[in-house]
């Protein structure tokens, strides 16, 4: 076991609760706080401490982890009067594991550094299953020595923590991840509908595709579900839509053209507009079908 | 070893010559023919028989394999007066391993069936390295029993022969393969230029991307070369451009929309128009750079 | 009136019949032929001569006009044993006004020149209304002197005959026309659905848009119908789909990237695949709606 | 002449100075303020009053017009402590003619209404030439009665003031305008490079295109300059890039897919990233050329 730490965990949602639970099980002291009380009780039942506020959670903690939905939530959790920076112990290690805008990550890191905290951005990939099974990929931005200190914690949560650069770099890599994933799902969807229209045996077809240069984790994990039109999440379109906004905005700010990314972002947004925000992102297949088949 | 067959191999190019050589080494009798004489002599030096024409090559052969650049070449090799169908032994097994249009594959199969031949379309994926190392993926269309007969031969040439449907299905799957590969390279290129512009450590970044849902064979095989701008082929843009024409045409004929595929086809064509047809298809990165950076 | 000519008109469809009729009314001798007899009788009722075959139609004619659906139809009408080149008077003026592939236009012109005919490609824009009202735009490729000879005839059929270059140039300009038109309809559709979603008065909105740099003939002629979802043709999606194939192929052959054109071609094809091939091309609005709204 | 008003004009840039000058010439009392002093002196030389601050400019004015670069500038000019709302006469008519985000237009209108002002958003189209020649298109959002009061002023500045809906509607229509304009320029660029590659006489070609359904104000105003590669602004890429961000964001918020708009936005951004932000937006032609031609 790694050295036991005292951790405040802010944000016990579909991802945060199993992550906090894994930290408890690894022997760490974890106080949890969430906007709604139910998951706090669940964490307490696992051996964590139920906190009544962020201020309560961070008291005595050497480490603070935030895992909340979006950029404004991170800003609120860290910067507000009742937030982390106002109440955490001097010099605490603050790790934001939410998926947010790289520029916001840089800004909240700078604000934390000014107050003497050590701050990392450490978004994850792998979904609810990865959180439960502690198999998350973790992409980390910030000071390399701070990363080294946090690495044992990351290894409790996932299999691949990687330091990718200075503050914000973790979020930048996560944005690139979402670009590739959405695009690759769309490509598999186009290929699958194409194969079906030509009467190909798609079980065999996807298998041979996955064995060659077209192979991908998307094909491995999503191929069969896409063949069966099973779109229960997994990772929801509504969240991927938020992430496509992040990557298109961050690419624009960097002066980088992402034509395929921008186009697939339109299709992710279309699915959401159609009311399919709750489906898995592999439901991009529905867009290809709509554009390809006779109306019923 | 599989049962020794007598094979005519038509088309001894960058792919065909190592494939024919592997068949010789596996104990088969192979007579080779090519439009230029040099590779015929190389095959003879490996123990094959140097044929002076298609008619000469197919004499006495129970199996004929064609491996030529494009649809018209296959039509010429099979259908012409001096071609395979006019001179092959009655009932011979004819396997076209070129990458061509699915409708042409169906047409030449039908023409062969009419003359009593057994015909398969069996395009491959894996490139020159795959051909040399006998690690090709092979996607096969045609009669399942004919596939079963040919399977031992395919296992000499590659690791994953898969029967995917009736005549033309092999070419359809190959077309889908080329769609996914081009799109995935473009996505990786967009992500990589984006990460570079943000100052991310791209070696670590691509590693963590490849460990998650964004992971792919493209990242594994091409990621480092793309970081280093090493674009020696591999698989040339000029060929991928031909293949993108095949898949966009076949999708149109089937009434299937492939918007990402159609867009990346424009970029593959642009690279070729710029005079980069001889570079590896990972040179799509150059398009992203052109669209993203200040002129020198 | 221009000097009376003796004209064979091959192809009396939705465009050809009113064009041939206008030539009769202008005082020319017109013999008409069509694959189905009904329009031949209609032309005869207007004062034309009902021909029983292409050979019959071209007998004694100094001018032959073809107006048929697609490239293979032109090849059949001109090149076949019972076609124009085999039976027309020596040195006749042959004008193909169909919309076909530029390379086919060049090929049939070359074949005609070899036999001593003078050949122009002269596709039109303006639709059925333009044909009836003799307000077609006519874009003409071929020898400038031959164009000068034919110009009086063109002025019977339309208001803007323009010589744009050598053989095939007329078809190339027509292809460019179809690219711009499809793209512009799609842009107006995206703008209109966007304005509706924001609760803007779209009648006033389109009016002010049409008064500025966004103004276009598409807005003038199609804007109100698009607001009212009136998609009766006009110019049918099925034909525009054929034309988008022509322009994407011709652009590829010339090494020219047309990313917007290629993308809108996917949407035109999608509408056709959905069974809307018989609607006006302004029905591209349906694609934008599908990608934007909740399912019913 | 319309009834003389007392007008404060905030923002005397490339557009604002000629607009304010036209108001002076029409007999209105105009006090002008700008962040840099030079244009204030120019306006004074035309008979305006040189103001030393926003507070100074709005003193005694029944009407305030703002014409500044972007959303934050409008927020600063209207909402800041030293801004319009803090110092303008009670009940003044406030007209923002900048091009900004529709949601910001709605927000500043609401803030103004709360303080008793009457507020319109009234962005313009037509560029510097339109401002000088008083030929602007003006798209106006807000209360219809307030529009009626302001209409005589608008007629001093342009030829087509149109009321298009409630607060923000003017900006929404302007956003749609920029979407169509960018897309249409790109389509003309694709068509032009395509025609050149095929050796067509493009002067004649563009003329005949402009006479048919492909006709547009873009072709009329920009076609010849694009043929000649004359890219002096006109309307600069850097501003159009800002506007494409507005329309893509506003479309996303409304759940409307704009695939062509999103794609051309990438190319506008690419031009800016290449350092061409100062060129006219017709320089999108450079992108098509880059994607189509051999490197020198």
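Per-chain numbering from 1; labels A, B, C and D assigned in written order.
Definition applied: a contact is a pair of C-beta atoms (placed from the backbone, for glycine too) under 8 Å apart; a residue touches a chain by one contact, two chains touch by 3 or more.
Treat the numbers as computed from the prediction; the structure is a model and nothing was measured.
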item: Chains contacting each of subunit C and subunit D, listed by label; value: A, B
item: Distance-maximising chain from subunit C - centres being C-alpha averages; value: A
item: Rounded Å distance, subunit A centre to subunit D centre (Cα mean); value: 39
item: Subunit B-subunit D separation of Cα centroids, rounded to whole Å; value: 53
item: Contacts with 2+ other chains: residues of subunit C; value: 255-259, 263, 266-267, 270, 273, 291-293
item: Subunit C residues touching subunit A - in the complex, by the definition given at the top; value: 259, 263, 266-267, 270, 273-275, 287, 290-295
item: Contact set on subunit B toward subunit C in their complex; value: 245, 248, 252, 255-259, 262-263, 265-267, 269-270, 272-273
item: For the subunit A and subunit B complex, residues of the former touching the latter; value: 102, 125-127, 137-139, 159-160, 162-166, 168-169, 172-173, 175-177, 179-181, 183-184, 186-188, 190-195, 197-201, 204-205, 207-209, 211-218, 221, 235, 247, 250-251, 254-261, 263-264, 267, 288, 291-293
